[in-house]
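Listed below are the structures to be examined.
Same chain, two partners: chain A is paired with chain B first, then with chain C.
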Partner chain A sequence: MKKHNKPYVEWLLTLPSLGWLTLFFIIPTIIVFAIAFKPAGVNGGIGEGWTLESIRNLAQPSYPEIIFRTIWISVVATAVCLFLSTPVAYWLALQPPQRRQWLMLLIILPFWTNFLIRIFAWKTLLHSEGWLKYALVSLGLVSPDAILLYNSGAILVVLIYTYLPFAILPIYAAAEKFDFSLIDAAHDLGASRIHAFFSIFVPGIRTGLFTALMVVLIPALGSYAIPDIVGGASSEMIGNKIAQRTFVDRNLPHASALSACLALAVLIPMMISLIGRDRRFTKKTGGKKA
Partner chain B sequence: MKRSRFPLLISVGVMLFFYLPIFLLVVGSFNDSRYGGPWRGFTLKWYERLLTERDIWAATENTLIIALVSTVVATCLGTIAAWVLHRYHGALQRTHYLFMYMPLVVPDILMGISLLLLFVNFSAKLGLTTITLAHITFCTSYVTLVVLGRLQDFDNNVVDAALDLGARWPRIIWNVILPMLGPGIASGALLAFTLSVDDFIITFFVCGPGSTTLPLYVYSSMKHGSPTIINALCTIFMAVTAIIVITGQFLMNRRQPVQQLRS
Partner chain C sequence: MEHFIELRDICKSYGQQAAVCNATLELKKGEVFSLLGPSGCGKTTLLRILGGFQYPDSGRVIVNGQDITDLPANKRPINTVFQNYALFPNMTVWDNIAFGLRVARMTRKEINVEVDRMLELIDMQDHARKKPGEISGGQKQRVAIARALVNKPQLLLLDEPLAALDLKLRQRMLIELDNIHDEVGITFLYVTHDQGEAMSLSDRIAVMNNGSIEQIGSPVEIYEAPGSSFVAAFIGDTNFINGQVKEKIDHDYIRIELEEFNSVLAWNDKQLNPGERVDLSIRPEKFRLFRNKPEATPYMNAVEGTVEDIIYLGAQTKYWIRVGEKLVSVQQQHGRFLLDETPITWGENVWVCWHANDGYMLQRFDEEDASMLPLPPEEDLEDDEEAQ
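Right after this comes the complex of A and B.
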């Protein structure tokens, strides 16, 4: 295959996007970690010199609770999303192709509605005069003075609502390629339905499950708008604290220290995902070269 | 063989879960009751009241300016980036891909605060410019991945054939690459546009006085305004997004004839 023989052509074409991302993504990320070691300045600025004050501040008694809550809410939301998406993907993959396309559009459509609108729809549903409250009270499931909003439960429901389509897409992509005759074979060999589902289907779509795990867990850990709108003072997450330190207290070093913490928390699942992607990338390029 | 009904039941449940809240929101926007809830009769007064809110028009204008500029810049950056990533496979491209991929996995709030700190550090004035710079950053990653996906089934031989026939690069780009990649670039641009119009968290961190966008307006009215007006605003917003998405689907489906032509 004929190529540009001059090496500077590659650099010239890479430079705009690589330069942009270095300036507006890599450098800002480094700045976050640097400012965590700076003192707060007057008028919400950044002071001179270096200090460990913001890092020490992370030991504040309220933080471990917030960090723990952020982790459990995100983990439960992810687990529920995976639990619901797997049967949906299984069902979708078994539909005739024509209908499948149409159903996929139905699943993607709510993902295209604005994020805030989806949160707001739930806020009005859970509101003391909302439909859901009304329905639950008429069914006698909750007492008329129960409060459905402003707690961890409300955050959990809205998180699941927001990220469920993102979980269905990769699992469905994997299920679509799954060979369903394997399940029939398992049945013929005497496996029960549930046994065949868990020991053949689930391992068969594990790459999809893995991607789904990443696309729900990482944004859930960093969620801000959802706990801000449907959560309350007793259900704050790390995101709320970052915003509060930034906009209310105007203490940017504290906000940076918290952000650095969050960055480290998402780094673990992210590195696993990046290594996975990278391996695929090198495999692809290796194949091309050969 | 008879299959279990369990997956069907879950799927129906999930669909109801997806659509009921949105449906009730749309219904609520036509309800003549101040706080939603029980039906009090059909009305369009919330839409009328919406038209008199001057701030909405200013916010719409800001949103469109930001979205247009970021889409154009991100589409150019992303298309070139996807082409280089597709064409070359050295260490430079591996770093390039890593940088491109990372903004997609980092939570929005981290991107928001890191950009805010960058702008504060360089004493940049927060406003439309800083929002646009932030939007270009995440839109570029999305455009690149969409175009790169389309390049997977791009036939390099066509370009080589054109080279062999003596065509120069500008002509190849204009007459061969762009027409073949057109639908891919268009759907990338459309994605960038919708993401820019929809973005709240990153915008929230890097906005300044007088640079309110529609999502920022929706957010502040959620916190302070009357819920029914927001229902009306959300309904319009959803209708517009639906039109854009359907156009996008149409463009994506149009790439099939191109592939057929090729094979």
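Right after this comes the complex of A and C.
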């Protein structure tokens, strides 16, 4: 990469995006964190002074279950998305360019329909009178009295459905740059196609996998609409709780405390992995110079 | 003798485009065999078919008497050195070399011994722990060779292995490849578009063009006795002289009536009869240049012409001599101290002489192949003058 001699040029170029992020991301996040330490107002507003009320409230006995459920649903959805996307990306990258464009169009086609409408469509599909249920029953895969809707399973299926394209895109972007002669080389050296896939392809696209992980896991942890529509009372996620605190209880500090918790749960592991990556990177280049 | 590796009537096409057509090759055990041809001639397709990365539409691949046409790459006793090396970037040099042995489930002890032996062969013991991104192009090349050879293949395929290296390194690697071949004695199939590499390394060469094999022979045979105008023009420089047999002089020699200039004598190794068409290829270095008409000697040809262009190259000089309509390319070695002589210069009248044996009759002639031959640098000179 070309390095600018004048440092202010670099600053000038970074300024717009930095300003945007500060205004619409960093400042709102700080406000959310701050509200968590405020008392709740009587009319749903924010009271005067500072208190640890909302933080103490996080110890509520109903929360651990919700947090645990949020985490396992998100992690499983992410894992399934990555697991399904990687072979798709591999296959896509090997298609002739013309066909690849059509396939990419098919993958982003769902985005043309509103997100909420697609979730409601799933509600019809999974409904006890819906044709998906009917098809599964007639195939003998589920019992006629099974309930497919309003549980964690339904949330999981719709989460995977929603975030699969988001997982495919970054993995495909990495796979497209992957040097497939490495697969030939592994095959040439006696490795089966499966072995070559796992020992050469998967490590080769790990940056894409990491991006996909972030892109799926973070929104999945914060999902609200999906569990609200296809989930039930026994399958609440943190997002629903935050919404409930905001709109039903009109207790913004409680909602903020929960949001802050979620934000930290995402930010801390991300920071650690980024710092780790940075350190490995500088170590490598440092070693080269020496 | 049963041939060690055989490709029988291989055909392969991509859609409507035939990449390889009726290719038949036989490799002897332990030889270095080159597939030489311009890009797009089908040589890489043949290599990929041998390696098992592509399957032929028809034809068989036989190694050591065993038909392996339908075996996938990982089941073949063949390893490949890829054009861009294809070293695994996430593994060290050591792990790259050990890859094949690990896949073959050899014991840790055996792997250690074999990998260390290979590292010694390529002289890379000090770089075993480095990643491919941290070593030079020539070193990558050597690792790629070691990674293939460690599996003790029956045949090593090399796909333009030196194409990515600079000239000096290429020459050094060529010698190194030769040394490695002497050491391991495995059959090498070397794919290249560079005639110099093929000539210096190979025991035998197959010259390919447009998906078919034009000629198979030793480097000397290919150079001195090209089967077709394509082979003659692709390898080295040459002059094409086309004419008709006028008369038989004796049992071995004929007189040819040329389209472009005088009648000349040629050795009649194709046993042509008067009236038949002749296509001769005469290499530029076979000619001798004289200021005065040399004394006639038996079976010597002498034609008169004017020097049109000269390129002085140090050890030798290239001349283009206008003989009638024809521009003849002549190369002369300087055996004597050139400054003591009066060198032949532009516009001079000279005699171009050659022995009737020094031309070679082509089996096949295609007018288009003449376009591959280098032309005098006339236009460049004009540009230079304009610039000044």
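In the analysis below, the second predicted complex is superposed on the first by the 242 of 290 C-alpha atoms of A that agree within 3 Å, B and C clash if a C-alpha of one lies under 4 Å from a C-alpha of the other, contacts with A are read in each partner's own complex, and residues count from 1 in each chain.
The criterion applied here is as follows: a residue touches a chain if its C-beta (ideal position, glycine included) is under 8 Å from a C-beta of that chain, and two chains touch if they have at least 3 such contacts.
Everything numeric in this text was worked out from a predicted model, so none of it was measured.
Colleague: A:Lys123 in the overlay: touching chain B, chain C, both, or neither? Say first, second, both or neither.
Modeller: In the superposition, A:Lys123 contacts chain B only.
Colleague: Tell me which partner A:Ser181 touches in the superposition: chain B (first), chain C (second), both or neither.
Modeller: A:Ser181 sits against chain C, while chain B stays out of touch.
Colleague: With the two structures laid over each other on chain A, which partner does A:Leu189 touch: chain B (first), chain C (second), both, or neither?
Modeller: Only chain C is touched by A:Leu189; chain B is not.
Colleague: Figure out whether A:Ala167 sits in contact with chain B (first) or chain C (second), or with both, or with neither.
Modeller: In the superposed model, A:Ala167 contacts neither chain B nor chain C.
Colleague: Does chain B (first) or chain C (second) touch A:Ala154, or do both, or does neither?
Modeller: In the superposition, A:Ala154 contacts neither chain B nor chain C.
Colleague: Now for A:Ala40: first (chain B), second (chain C), both, or neither, which partner does it touch?
Modeller: A:Ala40: touches no partner chain.
Colleague: Touching A:Val216, do we find chain B (first), chain C (second), both, or neither?
Modeller: Neither partner.
Colleague: Going by the contact rule stated at the top, is it chain B or chain C that touches a larger number of residues on chain A?
Modeller: With both complexes superposed on chain A, more residues of chain A are touched by B.
Colleague: Could you list which residues of chain A make contact with chain B in one structure and with chain C in the other?
Modeller: 184, 187, 288
Colleague: Which residues of chain B touch chain A in their complex?
Modeller: That would be residues 1, 3-4, 6-8, 10-11, 14-15, 17-19, 21-22, 24-25, 28, 35-38, 76-78, 80-81, 83-84, 87-90, 92-103, 105-111, 113-118, 120-121, 133-134, 136-137, 140-141, 144, 156, 160, 163-164, 194, 198, 200-201, 205, 215, 218-219, 222, 227, 230-231, 234, 237-238, 241-242, 245, 249 of chain B.
Colleague: Would you tell me which residues of chain A are touching chain B in their complex?
Modeller: Answer in residue numbers: 1-3, 10-11, 13-14, 16-18, 20-22, 24-29, 31-32, 35, 45-46, 84, 87-88, 90-92, 94, 105-110, 112-118, 120-125, 127, 129-131, 134, 161, 164-165, 168, 184, 187, 193, 214, 218-219, 221-225, 229, 239, 242-243, 246, 252, 255-256, 259, 262-263, 266, 270, 273-274, 277-278, 281-282, 285, 288-289.
Colleague: Which residues of chain A touch chain C in their complex?
Modeller: 179, 181-182, 184-192, 195, 200, 203-204, 288
Colleague: Would you pull the chain C residues touching chain A in the complex into a rising list?
Modeller: 51-53, 72-74, 78-80, 82-84, 86-90, 99-100, 103-104, 134, 147-148, 151
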